[in-house]
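Comments concern the structure below.
Chain IDs A, B, C and D follow the sequence of writing; residue 1 opens each chain.
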């Protein structure tokens, strides 16, 4: 079984840009994280975009939907900023069938030492291997169907709705 | 749903003892790792022992089996040294029924920066939530039934057998 | 001998604010860094301000100068953003006499894992113990008198001028 | 000015050997640490041996002394296990003249995340640049002449004697 991993940006992949002293995006850290986790899963990683999810447009979400549809694999993980993760999940949930897609992300950048990204990546890849077709959000060790989850922005967590 | 986590030691929890300059065990890092992963799972953590799995005896394994049997929860994760993880899995696999038990561990100590422990913990907790009753080993992003896995000691990985 | 450490902010102390997904300042990490470095120096740490040095005003610099003048100690370290470190050094260099003051900082936040902050802090505290009275900038393992240094902004390093 | 760095092993450079699950020595981390510290010092690093200092022999110490004598540089840093650092310092102190040699080390391996190694390396390189000829031990942010220092083994620190 091969898992397809689509990278779209988000806190997960934020880097610290030294010269300008601010956060920015470079290349994704997902392959490095898979290596760190000693993953032996067959995973094919592709970057669709590198965006803070606050700036994602409907056109971006359609691009993610098309990529999931066109993927040869039936089991996918999408890394995504947490701010609008449920909105993209909703677009995918309404537009896809016959595939298992798990969205995940992080509240702290992987490069910022104490990240939840590695934990979430291990979690999302595991859910993606065994859940039936559908679109899910895997955060905080839990997994929610796309239409049963909301982000509690104030607390920075995902809960059932 | 509450997941029961039994800690038995292993590389996962090895610490560096500064005064003597060697590896040793102190308290488990599992609660700290759950916090780092921003886990919102209801997890009850208990330490059964703190052993390098090379030194685990049949009496130790019977103790783990009894703890799994007596647990009020039906979904459990057991952290364990990798060297004899499959042996304990085999004892649990033959002796338990009606519960989902996932064994996991790490090749590098969590405290040694670049650990696979956080990735594996996220993975094991996810598999434990949805797999049907049975005993499994979750390592390297994969999950194997207890009677279909072996450790490739030379390469330090788990593979199907 | 007691070293006085004045904290003024800078990349050194930048934190990642999870809910808003941006960089910000909280409390200084200097005491934690001293502990991590197992420092046995008598160091008294006080926070004067928490500012990105791009936003430091002349009034801020006068405040730092006054704090150095009024300090009971004759050996001081000032943590400072790198962007205008040489400007503050110049104000201190012209306004102080009879004290050894070493300014230092970092190109990456300490909390961003691979920081140069711990290295620079060890360096600055060492120079502060033995250099004769004067104002210095300690960065990149080197130490420059305040009137012989410039920041090469493009490369993010300090060089002699 | 070029600083010569001689590596002899010690906790500083201990690695975790995954397959055997124990501590061991590989290649030195000093060049990586200098890069992490964004050091711009001209430093020439050479490995003399890779030993736990408990196992250092008189022949090892003579080898270190000869290397310091033969070095073209007059300013040197020697990384060394803490257990017998003062013994090697004593051999160097009695056998060398006209050179500034600073011994340093760590209580935790650099690779074990929260290491004092980076702090000590920044400190030792700074002391080495400005102290007059002599042999010194730089640990815990302090610097002691070779004949005025002892290790408090119980507490894992260096103090004046």
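FYI, a contact is a pair of C-beta atoms (placed from the backbone, for glycine too) under 8 Å apart; a residue touches a chain by one contact, two chains touch by 3 or more.
The shown structure was predicted, so the numbers you read here are calculated from the model rather than taken from an experiment.
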#### Entry: Set of chains adjacent to chain A and to chain B
none
### Message
Using C-alpha centres only, name the chain that sits farthest from chain B.
### Response
C
### Message
Between chain C and chain D, what distance separates the C-alpha centroids? Give it in angstrom.
### Response
26
### Query
If you average the CA atoms of chain A and of chain D, how far apart do the two points sit, in angstrom?
45
### Query
Can you give the whole-Å distance between the Cα centres of chain A and chain C?
38
## Note on the structure
Residue ranges of chain D touching at least 2 other chains are 107, 156
### Pairwise chain contacts, counting only pairs that touch as defined
A-B, A-C, B-D, C-D
### Message
Applying the document's contact rule, which stretches of chain D touch chain C when the two form their complex?
### Response
33-34, 36-41, 43, 107, 114-116, 118-127, 129-131, 138-143, 156-159
### Residue ranges of chain D in contact with chain B within the complex
11, 14, 16, 18-19, 21-23, 52, 54, 81, 83, 107-109, 111-113, 153-154, 156
